[in-house]
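Order of writing sets the labels: A, B, C and D. Residues in every chain begin at 1.
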Amino acid sequence: MSFPRVLERLVQLPVVLFGVSLVVFLMITLTPGDPVEIMLADQRATEEQAAMLRADLGLDRPLVERYLVFLGNAVTGDFGLSFFHRRPVIEVIAERLPATIELTLVALLIALLVAVPLGVAAAVRRDSWLDRGLSALSLFGVSLPGFWFGILLILLFAVQLGLLPVGGRIPFDAEVPRLTGFLLLDTLAAGRPDAFLRALSHLLLPAVTLGLPAAALLARVIRSSMVEVLAADYVLFAEAKGLPRRRVLYVHALKNALIPAVTVLAIEMGQLLGGSMIVETVFGWPGLGRVVVESIFARNYPLVQAAVLLYAVIYVLLNFCADLLYAALNPKVRL
Amino acid sequence: MSAVAAPLPALSPTGLALRRLLRNGTAVASGAVVLGVALLAVLAPWIAPQDPTDADLFRRLCAPAWHGETVEPGFWLGCDSLGRDILSRLIHGARVSLSVAALVVGIAAVIGTLAGLAAGYLRGWTDILVSRLVDTLLGFPYLVFAIGLMAMMGPGLHNIVLALVLKEWIFTCRVVRGETLAAREQDYVEAARALGCSPRHIMLREILPNVLSPVLVVATFRMAYVIIMEASLSFLGLGVQPPTPSWGSMVSDGRDFLVDAWWVSTLPGLCILALVLSINLASQGLRDAFDPRLHQSS
Amino acid sequence: MSFTRRGALLGALAAPAVIGLPRAAPAQRAAREVRVGFTQDALTLDPANHRNRETQTVIRNIYDGLMARSPDMQVVPEIAESMRVVDAATYEFRIRQGIRFHSGDPLTVEDVKFSLDRLTRPNAMGGQTSPRRDLLGPLEETSILDERTVRLRLSQPWAPMVGILPAQEIVNRRHVARVGQDGMQTRTDGCGPFRLVDWRRGEAVIMERFADYYGGSPEIPPAGPAQVDRVIFRVLPENATRIAALLAGEVDIVNDLPPSALRQVEASRNAQVMRVNGTRSFFVSMNVAKPPFTDVRVRRALNHALDKAAIISRVLGGTATPLRGVMSPDSFAFNPDLPEYRLDLDRARALLAEAGVPQGFEMVIDTTGATREVAEAIAALLSRTGLRVRTQMWEGAVINPTWMNAERRRERDMYLSSWGNASLDPSDIMLPTLRTGGRGNSSGFSNAEVDRLLDAAEVEPDQARRREMYQRAQRIVSEEAPWIFLWLPQDLYGVSRRIEGWRPQADSRINLHRVRIVG
Amino acid sequence: MREPLLRVRNLRTVFPTRRGPLAAADGVDFDIAAGEALGVVGESGSGKSVTFLSVLGLVRPPGRIEAGEIELDGQDLRTLPPAALRSLRGRTVALAMQDALSALNPSLAIGTQVTETLRAHAIPVDPRTEAVRLLTRVGIPDAARRLGDYPHQFSGGMRQRAMIAIALAARPRLLVADEPTTALDVTIRAQVLDLLDELRAESGLAVAMITHDLAVVAERCPRVMVMYAGQVVESGPTAEVIAHPRHPYTRGLTESLPSLDDPDRVLHPIPGQVPDLAALDAGCRFRNRCVMAVAGCAQPVPLLPAGEGRLSRCIRAAEVTP
């Protein structure tokens, strides 16, 4: 079952990319609002100037041709110029992507740190008040609109308590050379643990805001697969061997319970990546999501197209990684 | 190990599940909350104490009744920034939030179930087509997809429903397809096939009843997401048209007054919380009751 | 495995407490640093390659212009030492001596000519044409008279010329040659009070004091190098977050403070509200081509029906000046003697009845997310006449072009909109919005006399006569009432009490050259 | 008879159900001495597994031990703190399960599953060497090379033997073997049972062999205990119990005994159904299926001596004929 699965993913990538590119292209071109009009909104542009600009951008050509040109360029990594940044799309995305990925990863980590103990505890004491209380608490996460929760966190932790910063990624005096764009790595690479902590403190509130809903979902998944696993004979057998409870729960049970969670994790990571724009707006986080939303509103087609394609690639790759991880966790599947 | 299972009086699986459900106090209580909200929504025009769109700037941000100072009699939960009664807006907002959630999830469940059945049972090109479509849509981040579609169609209730349905159906579809693939190999399906039943009959009469309970669980679970989604779209200015209140847009509009008049945005926030929580707990109860795998004696 | 996980969890929980400590005392910053919580990131750092106020604000701290605007909106020389009006279409500027760019290169008349050519000549920016080109209107040629003097020649007299110059910055021609067109987007070499340290896209623009600064315009004291070591524009688009950053002491100035935050900021110990009349007049455009708005009685009725004072005092916290017409009272061309449409619901109902508009008649006000609250308030107040007025939300990208096109707006009723210009010159306010076919004429207003007056004022060199023409045009517009005239909002800023020497100005620039830290 | 290694008295283990408490083990008494092999025979649901899970302290909640004494090596297990009980598990009393496929963790290597037991009990040996020795001992060829294998890479018989090796790793004094050989073919079954016999002889290992296969008991266990509906109904030396049952239920079992050539045969020789354990009266639990039932069977029936070393829970024990 292993080899066909890899093959399936490899086939999936171009198909999904093609589908996504087609959908996004259609979506964008069918959207009312003309980028040229928006770009010239505040100017005394004549119709000729507008037509020239339109020709410059290739907007005057037929749909099919535009799509094919877009595809052709995309294959060679050329996504054109971001209208309102007046710079290559690739550049804009490249400088924003690390911030989003860093935020997403930390959010995911927080989600795991919350979800794993919560899910395990709830499963072990299934149907106890603890189980209900914890699952109610974890559901809290799903029910909070991110923008509202984020603002509340800011008011509490930054304004009232003064413990954490309001927004941004790192204060100026903790700046380090950005080799990777991931500040947690860059600060360590620069040998600045103080800067690392500052960067982490900036990450905390947005990551919690972003990660909590994911934590709720993950906790549910882990709880239900733990419930199943805990009923398995090998857990009883492990207990009968006299193993410490921690080892029974976190090695024997959790390792098997995580197998179904891995797939959910990959999907959730994809959703977090694409769902970060609201958190990025609230916390002034310089990530990709914000640019994408701004670009949708500004009809900045090339950037939206490229970003959505990128999301799709990441999605497929994440699933691929999930398969690998699945195999790593599950010895029955060997690639 | 043989231990617990004692024979229970014969009951249909659904009957058993319902029984388990009714014995689950949390599920019943949260189900009651959901039904209560639904009732509020249906009866909104008759029970809302004020006209939810009646603005009076002199009532701007007046406080809830328990606050003492800037209270307007008859406006129990205070007023929003245009002096509209928050209680009435909450009651009417339940209409929008709940009907968006129910419509989206309902339509998505129907589409997703049919597509999933077809893909899982017919296999072949149908499956490839459906699966690739599902993959494609999964590849889109939800919010980007919704924002893109809303930008394309313009804001408004119908468009929200449409935009969300276009993404939501895949979640049901994936589940149903998986269940159908499994059911396909089951004896009862093989027997039906051997009897010469048409694929349509097998899908709708034989397999469908067996996949309904996971569909139900997925649907209730997704409702929570849809309510949050509507709120997020409102935050980005792509929500329902004013002055129609929705809980999401109320939270979003009130966020500028979080410090001066916390109730404007917090009360609808709490309503969302309570509803989503109830839906989730009810769905958890449903799943516990209907998922047979959790009830095998071990 | 379980141990490490537990350890990490504890670490994560403990982190805030640990990290919180260094932040607790923001006053202990080593460098004198002023931070601005800003709604938008700069789109580019090339002064010639944008049409965006926020971008301009950031850039203006790095690059200086020939002329500058004082906080009370007077145009004063900056890089130029003096200006001479040779005739209505010719200006001469004498350039200050000893100005150096951040790179050390001296600023010469060649740089001035190069910068203006780059703005006005087609394809002058590595094949592109500057999007600012048409801002400079009829500027035809910049020529060097001697090593200290440049001459600007216009193709026709154009009075707004001087007012537009503070928004055009002078670049170093050698720097442009060095870094190329693409390099200009991110690498700067201005002669302004601050030099760019780092532009973290989407996050912050960081600048430091330029020690060799020539001092800026002597007419805006105190001249000399900047008084703080470092300046940071931090991008915080969400209102609540920007305010929180101010209250938490993380930033010293925030722009675009919503009126709803007035109380909150005023109540805080470490910040205050500063306000200045803005430059954007707000109005509700009525589609004069669509019945019943074709009838002037209806348009007047709606003007009578709207309780502007209530919205200003309740929703806008008293931070706006009601307008009877188009122009801001701060403009030289303001007409103080316009007739007023008093709040009079009976009169409004009578006028509507006269015009045959039935009770319960439906009207829609189009609006965008940013002005939603005001639009809803207007709709609610107008509905008191017995009309049924509601609002419809749109994206700016959709509704603006719709209303600027006669064909596309045919079915629309009303549009809550605004128009403004930093120079407050009617040439860029009345001409686009009220002349027949003007690019911003959303109501479709067309009046031969107004057209004649506006066209004549455009080429009239005498400012007093221009004013008189514009005032006559304003009276006609007010009587014809193509809009519901609303108000001129104040721009609100939250300002930390630890800084001094800065006040907001109407063109919404935040120039930090003269800011001091006192707290 | 020596001092018993395990002494159970009046054990009552209850599972709450929606129809009231269900006593899966109800008043169970028995002893096992060191080096002894006790066969425990009964149908599914007779309480034999629950009885020994109670001994191991592994009754899954919400089930719980309601009454009785469990003394292992002189210690009262019911008053022992959980940590002490845990250190007894695997070390003093170990469990071997019926289905090794489900008893072995699918995602851990066999070697790990052996060594972790050694480590958990701090057995002073090199875990790896010991693991190889243990696996070799149960007849796994080339054990050193197969430590890194996962359960699914083993054949069914090897898995079963590996599982027994794991159960024996910490050198327990009592092995609870729950249907340990049902899934094995005849030769391997003999091999495994021989191993247990050897250990009994060598190190005084006591074995409780839970099975519904009387044939295995007849062959390997000197003593047998028959359970029905949560109670012990008869016990005694195996040969005598088979030859002269003192309980109608035992007789029913023995009637199907000649089944050596069909080891997988399921025992359901007696017509009728086991009563609902949640709705019992005080009388004999077998009486609804018993051909010998009389009115007196509705009274409580104690477990009484029925000959040399034998006990029976039947008022007409003497009348039962083979």
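Here is the rule we go by: a contact is a pair of C-beta atoms (placed from the backbone, for glycine too) under 8 Å apart; a residue touches a chain by one contact, two chains touch by 3 or more.
The structure displayed is predicted, hence computed values, not measured ones.
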- Please work out which of A-D and A-C is bridged by more C-beta pairs in contact, and write that pair. A-C
- Note on the structure: Centre-most chain by CA centroid is A
- Cα-centroid distance, chain A relative to chain D, in whole angstrom: 53
- Item | Whole-Å gap separating chain C and chain D, where each centre is the average of the chain's CA atoms | 87
- Message: With centres defined as the mean C-alpha position, give me the chain A-chain C separation in Å.
- Response: 36
- Provide the list of chain D residues touching at least two other chains, using ranges where the numbers run on. 60
- Task: Indicate the residues of chain B shared as contacts by at least two other chains.
- Result: 1, 151, 154, 236, 255, 258-259
- Task: Name the residues of chain C that each touch 2 or more other chains.
- Result: 240, 395, 397-398
- Within their complex, state which residues of chain D touch chain A. 56, 58, 60, 86-91, 94-95, 97, 99, 102-109, 116-117, 120-121, 150, 152, 163, 166-167, 169-170
- Note on the structure: The answer for chain A against chain B in the complex is residues 12, 15-17, 19-20, 23-24, 27-28, 30-33, 132, 135-136, 139-140, 142-148, 151-152, 155, 213, 220, 224, 227-228, 231, 233, 236, 267, 270-271, 273-275, 277-278, 292-293, 296-297, 304, 307-308, 311-312, 315-316
- Touching residues (chain side chain C, partner chain A) in the complex: 1-2, 5, 8-9, 12, 15-20, 22-24, 29-31, 33, 41, 43-44, 49-51, 131, 134, 182, 185, 198, 200-204, 206, 230, 232, 234-238, 240-241, 244-245, 247-248, 250, 395-398, 400-401, 432, 439
- Footprint of chain C on chain B - complex, ascending: 53-58, 60, 81-83, 151, 154-155, 236-238, 241-243, 253, 255-260
- Message: Per the contact definition, I'd like the list of chain C residues that touch chain B in the complex.
- Response: 239-240, 258, 260-261, 263-264, 310-311, 314-315, 368-369, 372-373, 375-377, 379-381, 390-395, 397-398
